[in-house]
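Note that the chains take the letters A, B, C and D in the order they are written out, and that residue 1 is the start of every chain.
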Amino acid sequence: MPRETIDLPRSVEWLQVLDEEGALDEEWMPDLDDEELLAWHRAMLLSRRFDERLLELQRQGKIGTFAPVRGQEASQIGAVAALEEEDWVVPSFRETAAAVWRGIPLEGLLLYNAGYNEGGEVPEGKHDLPIAIPVASQIPHAVGIAYGAAYEGSDEVVMVFFGDGATSEGDFHESINFAGVFGCPVVFVCQNNQWAISLPREEQTKSKTLAQKGLSAGIPGIQVDGNDPFAVYVAAGEAVERARSGEGPTLIECVTYRLSLHTTADDPSKYRDEEEVEEWEAKDPLPRLQGFLQERDLLDDGAIEELEEEVSGEIEAAWEAASERMAELDDPAVMFDHVWAERPPELERQRETLAKEWSRRDEGAGGEGEE
Amino acid sequence: MPRETIDLPRSVEWLQVLDEEGALDEEWMPDLDDEELLAWHRAMLLSRRFDERLLELQRQGKIGTFAPVRGQEASQIGAVAALEEEDWVVPSFRETAAAVWRGIPLEGLLLYNAGYNEGGEVPEGKHDLPIAIPVASQIPHAVGIAYGAAYEGSDEVVMVFFGDGATSEGDFHESINFAGVFGCPVVFVCQNNQWAISLPREEQTKSKTLAQKGLSAGIPGIQVDGNDPFAVYVAAGEAVERARSGEGPTLIECVTYRLSLHTTADDPSKYRDEEEVEEWEAKDPLPRLQGFLQERDLLDDGAIEELEEEVSGEIEAAWEAASERMAELDDPAVMFDHVWAERPPELERQRETLAKEWSRRDEGAGGEGEE
Amino acid sequence: MSERTMVEALNLALEQEMEGDDAVIVLGEDVGVDGGVFRVTEGLLDAFGEQRVMDTPLAESVIVGASLGMAIRGLKPVAEIQFSGFSYFAFHQLESHVARMRWRSRGRFTAPLVVRMPYGAGVRALEHHSESREAYYAHTPGLKMVIPSGPRTARALLVSAIRDPDPVVFFEPKAIYRAFREEVPDEEETLPIGEPRRVREGDDLTFVAYGAMLHRALEAAETLAEEEGVEADVIDLCTVSPLADGPIQESAKRTGRVVLVHEAPRSFGPAAEIVARLVEKAFWWLEAPVARVAAPDVIVPYFAREQAYLPDAARIVAAARETLAVEA
Amino acid sequence: MSERTMVEALNLALEQEMEGDDAVIVLGEDVGVDGGVFRVTEGLLDAFGEQRVMDTPLAESVIVGASLGMAIRGLKPVAEIQFSGFSYFAFHQLESHVARMRWRSRGRFTAPLVVRMPYGAGVRALEHHSESREAYYAHTPGLKMVIPSGPRTARALLVSAIRDPDPVVFFEPKAIYRAFREEVPDEEETLPIGEPRRVREGDDLTFVAYGAMLHRALEAAETLAEEEGVEADVIDLCTVSPLADGPIQESAKRTGRVVLVHEAPRSFGPAAEIVARLVEKAFWWLEAPVARVAAPDVIVPYFAREQAYLPDAARIVAAARETLAVEA
C-alpha cells in the first residue's frame, strides 16, 4: 500500500529519420514520391530565399520588423505537409515556411510586413489564420476551431504552431488541457528553436523535454529532430491521423534552431556565441534535404540553379506587385474598416472628421507645390 | 538513433501511511510525540466544529457565503504542521483548517465572513496571506515570496494551497515553471477534493494524476492520501526540507474529498450522488485520526467530550467577540481606507461628500425617531 | 407571455436561440450539469446535450479563446464567465483577439460570440464578485458592451447579441437577477444593440443609467415627481459601447440638466464619456454642470458596506436637486 | 549633469536605485543578458548579478504575480512587460491582487512595486506594440498610472515610482525613447507622483497632454504663438491616476478654453475624465466646449498609417483654433 511509483500511461519518444550526416533510417522513412520530395525542397528553398529578401528589404527600410524563419523550414514544412488543404493552420509570427507551403501569397506577406493592414487579409477559402503576435495566445483558437470542426461533423484537423518560449505561458497549458478533455482534433507543434529572444531553452523551463509537458494534460507528446523533415512529417502524420480518427490531440516538439535574428530589431551577439550558431548551421535542414535529393539523383546542380532562378523570379514579381499595390493604398481611412461589421455613428463621425482633415492637408500640400 | 523512449528524470509516487481501516505503515510513520498528535487532533476538531458553526450562522443569515472545509482537514493540517511559524502560508478560500493551525484568530475569520473588511486583517507578525478568491491566482504570490525569502538569505519556506480545479488555470503552470527555473523554496499543495464546484476531477483534466503536472515544469510531484494526516505530513516534510535546503519546489497532490457544499450558495445534489459522499465519509480524516489516537490510548471518550466542550466554548467566545466588534463597526467610511497608502485629494473629496451624505441620513433617521 | 425573472428570461433567450440555430452553443464553468451558478443555463444540457452545453475546465482564457476559434469555424458560442471579476483572466484574449479578429483578417474571420457574465454589487457576495468595470470593455474597439436592466430587455438584448456579427460582452446585473418579474413574451423579441431606450418621459432633467442602477434612477425620478413635481426623462443606456449618444443629446438639449448614474468607480468610468460627448455636442444647451452619481474610486467593500458604496435613490435625488438648483 | 535619451535616463534611475537599495530588483523577459529589448536595463546584470536582474520565463502573469509576492516579502521589484500590449496577460494579477493587497490585508501587506512597459505608437512596430490603453489602469483603484514625457521626468518619476509605497504602472512612451536628449542630473532627482507639471505658460487656452503627445501639444502651442500670438498654458499630466485635477482647474479657470490630447482611443479614454472634472468644478469658467484630440475608436493600424492615426500638431492646432473661435 504505502510508497510506490505510479505507472503513468504515457511515455515520451524521440524520433529522427534523416540525420545531419545524411544517414537515413529506412524503417521510419515515410512513403513519399519524387514529386512530393521535390515540392518540399522547392518550398523550403522559396521560403529561405524569401526570408533573405525580407531581411534585405528591412535593412533598406522598405519593410518593418519581422521574424526570420531561417533554420526552421523543416519543422514547418514537414508538419504542414501532413495536412490536407481543408485542414487548418494557426500560426504564430514565424511561420513563413508553413505559409509558403500553404499557398499564402507572398505579395500579402510583403504588404503585411510593409505595414499595410491589407496584407493581413487571408485569401477566401484558405483555412489559415492570420499571424498572431502575443506569444501562445493563438493556441486556444486552434482548440476552438478543432472543437467546431468536430462539432459540425467535418473531419478537418487543426495544426497550431508556437515556440519553446510559448510553453511557459498559461494559454499553452489551458489549451492542451482543454483539448485533452474534449478530445479536440488538434496538433500542437512546438518549434523548440532553443531561444526565446535572449532566453535559452534551459532557462525557459527545467523540464528535460518540452514534449513531456503533454503529460500534464494527459495527451501524447513526442520529440523529433525538427531539422529532419521526415521525422517531423512522420510525427505530424501520426498526430493528424489520430486527430482525424477522433483520438484527440498530440503535442509535437520539433528540436530545431533559429539560425537568424529573433526579429530584425534583435542583436543575437548580445546573448549567444557564434560557435553555437555554427554548430547548428551544420544541421541546417535545407542542405540536409538537398543533399538527400542529390544522393537520390532527384536534383543536380543544374536543377538547383534553375530552381534558384525561378524562386527568385517569383519573389521579385511578388515584391513588384506589392510595391504597386502600396502605391495605390494611400487612403488612411481604411483604419476605420472592419473594426465592427458596421461603423457605429460616432465612429463614422470620427472618420468624416479625420477624412476632412486629411484631404485639407492633401490640398494644402498640393497648394504648396503649385506656388 | 531513431525512435526511442526518452528517459524522464522524475517519476510520480503515491504515499499512504494510515489507511481508512486504521492500518498503519510503521515504516513511513513520522516521528511525532503525543503532544503533537493531540495538537493535530484538537486543530482538526476545532476546524470541523468551527466549519459547522459557520454553516449554521450562514443559514441564519448572520454571515455571508463561505466555502466549507469539511473533509479536507488532514490535507491542510498535515501540510502546515510541517512548517515553522516563520514559514509562509498562501491560502486560497477553503483553508480554514490550515488557518486554525496557524493561529489565525477565529474572530477575524468570522468578521470576514460577516462582510467586514476588518476581518481580512492579518495579525502583525504572522506570515499568512489573506484569503484569495480568484482560483489559482495566489500561486504566483507564493513563488514571489519564496524568491524574496531566498534572496534575503532567510530560510523561510512558502506553502501555497489550491484545488484540483486550479490546475487548469494558466497561473498554476506559469508558477510551477517559474519556481522550477529559479529553484524557489515553495511547496505547492493541491487539494484534489474531486470537485471544482460541479466539475468532477476526471473532467477537469485527462491526466491520470495531478501530481504528474509537476513533470511539465521539471519539478518533483507526489500524490498522497489527503485524508491521512501522516502521509500528508511526510510528503510535506520532505518538500519543506527540500525547499529549505535550496533544492527547490515540490508539487504535492492530496487526494481528498469535499464532504460538504462547494460554498453555501451551492447545491451538490445537482451534480453528485449521495453514495459517493457516503463512500468518502468512510474515509473522513477526523474519525481516522481520532480512532488512531484512541487505539494508542491517547484519547478516550471522556477526553473527547471535554475537548468538544472546550472547542465549542472557544468558537462561541469568538462569535461573541466578533458580534460585539460588528456592532461598533458602523462607519462605512472605512471603505476609503487602504486603497492607497495616502488618500489622493479627489478620493478625499469623495469621502467627505459621502460622509456628509451618510451623516445627513443618520440625523434624518435620528430626527424621525424623535418626532 | 408570462412573468419571468431576469434569470428565467435569459434562460429563455438561450433556449430559443439554441433551438433555432444549431450553431449556437453554450460553454463555461458549471453551465451544464449544474445549470450555471445562477441557473441561467438550467435545463440546456438536458435539452441540447453535452456537445452544445460544455462544462469546461476551470480556465477562463481558453474558454474565451476557444470560443473565438469556434466562432471562426462557424459556431455562435455563448461563453459564460462565472463573475465579471474573473473575466480579467481572459482579458488578453478579449482585447488582443476577440476584438481584433475581424479587423486583423479584414473581415475574413469574424467573432460572432457572446461572453456573458454577472456583474455588480448588492448580493452580499465575496470579494471579486461585485465589480462593475464595464469601462474596460467599453474602451476596447472591436467589442460591444451591453447591459440589460430587466427581464424583458435582458432576453431581447441577449437574443440580439447572439445574432450580432460582432463579439458582445454581456454584463448581467446580478442584483436584479431575481429581484422582480416582468412580462416576457414567449415569442421572439429582439432589441437593437447600440440604441438607448427612453423609459420615462420628462422635460425637467435627464437621468442616464443602466443595469441595476436604472431602477434607482427611476425611483429617484418618482420621488422628484411626487415631492417637487419635477419630471425626469430617464434613459436606459442598454449598450455602453459603441455609445450612441443621440438620444442623450436630444434629451439634454430639451432638459438642459443631466445626471448620470452608474455603480462603476467614478474616475475614468463610463459617465465621463457621456459628459465629454455632451460637452462636445450639447454644450450650449447645458444649464447646469452634468452630474455624476457613481461609486467612489475604491474597491467594492465587503458586503456589510456594499449598500453604502452603491449609489441609491437618495443620492441620485440629492444630485438632481443640486443640478436643478443651478440658475440657468 | 549630462545629456541623456529617455532610455539612458531610465537606466540611470534603475542603476542608482539598485545601487542605493538592495531591495530593488529587476525582472522580466530579456532584461538581463540582453539588457531589455529597448536596452533600458542594459548593464544592470553585470553590475548587480542575476539574483537582482532576473531573466524570467515568458509568462507575464507570474512575472507580475511573483513581483507582488516579492513586494510582500520586502523587496521593491521593478518588473518589465516587454510591451504594454502584453500586459493584459497579467491583467487579473494587476486588478485582482496588485491593486488590492494593501486594501485586502488592511495595510499589513503592501505592493511597493513598479510594472514598467513601453507604450504608444510611432515606431513602425508590429501589431500589439503600439497601444495606449492607460485608461484600463487608470480606472483601477489601488494602482497608480504614471507616464513621463521626456528623459528628465522619466528618470525622476521612475525613482519616485520605485520608492512609492503603492504599485505603479509605469508607461514609457517608446516613440521618444531616443527621439531627443535632455540634461539629466547625475545626482538624485525625484518628481512627486500625483502632480501635473505646467510646462508652458499662457493665458489664452490650456493644453493638457502627456507622454509623446506632450511634444505635439507643445509644437502646436508654438505654432499658435507664432501664427496668431495666442499663448497656451501647457500641462504635462505625468500621473494619469490618481488624477490630480487642481492645476488643470486652475489653468482652465484662467483661460476658459481647454484642449486635451492623448493617443489613446477617444471614447472612454482619459480625456473624458478630465472633461467631467472640468464640468464638475470649473463649468462656469468654460468659455467654449472642452475639446478632445485623441486617436479614433479603432485599433492602431499597421505602421503605414500610424502617423495618420496619431494626433499631431496640426490636429491640435485645428482643435485649438475651433475652441478659440467660440465667442464667449
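Rule of thumb we're sticking to: contacts are C-beta pairs under 8 Å (C-beta built on N, C-alpha and C of every residue); 3 or more make two chains touch, one makes a residue touch a chain.
This one's a predicted model, so the numbers in the text were calculated from it and none came from an experiment.
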Between B-D and A-D, the pair joined by more C-beta contacts: B-D
Of all other chains, the one whose Cα centre sits farthest from chain C: A
Cα-centroid distance, chain A relative to chain D, in whole angstrom: 35
Centre distance in Å when chain A and chain B are each reduced to the mean of their C-alpha atoms: 44
Intercentroid distance (Cα basis), chain C paired with chain A, Å: 39
For chain C, residues contacting two or more additional chains: 57, 59, 61, 85-86, 89, 92, 96, 103-104, 127-128, 141-142, 242-243, 267, 297-299
Contacts with 2+ other chains: residues of chain B: 117, 120, 134, 137, 168-171, 174, 177-178, 181, 203-205, 339, 346-347
Residues of chain B defined as touching chain C within the complex: 64-65, 93, 112, 114-117, 119-120, 131, 133-137, 165-166, 168-170, 196-199, 203-205, 265-266, 270-271, 326, 329, 332, 334-336, 339, 346-347, 350-351, 354, 357-358, 361
Complex contact set, residues of chain A against chain C: 88, 117-118, 120-122, 124, 129-130, 132, 134, 137-149, 151-152, 170-171, 174-175, 177-178, 181-182, 337-341, 344-347
Touch list for chain D against partner chain B, complex: 25, 51, 54, 56-57, 59, 61-62, 64-75, 77, 92-93, 96-97, 102-110, 141-142, 144, 164-166, 194, 242-246, 277
Chain C residues within the chain D interface of the complex: 85-86, 88-89, 91-92, 95-96, 99-100, 103-104, 127-128, 133, 135-136, 138-142, 241-243, 264-265, 267-273, 275-276, 279-280, 283, 286, 288-292, 297-299
In the complex with chain B, residue positions of chain A that touch it: 1-6, 8-9, 11-17, 19, 23, 25, 27-28, 168-174, 177-178, 180-181, 203-209, 211-213, 215-219, 223
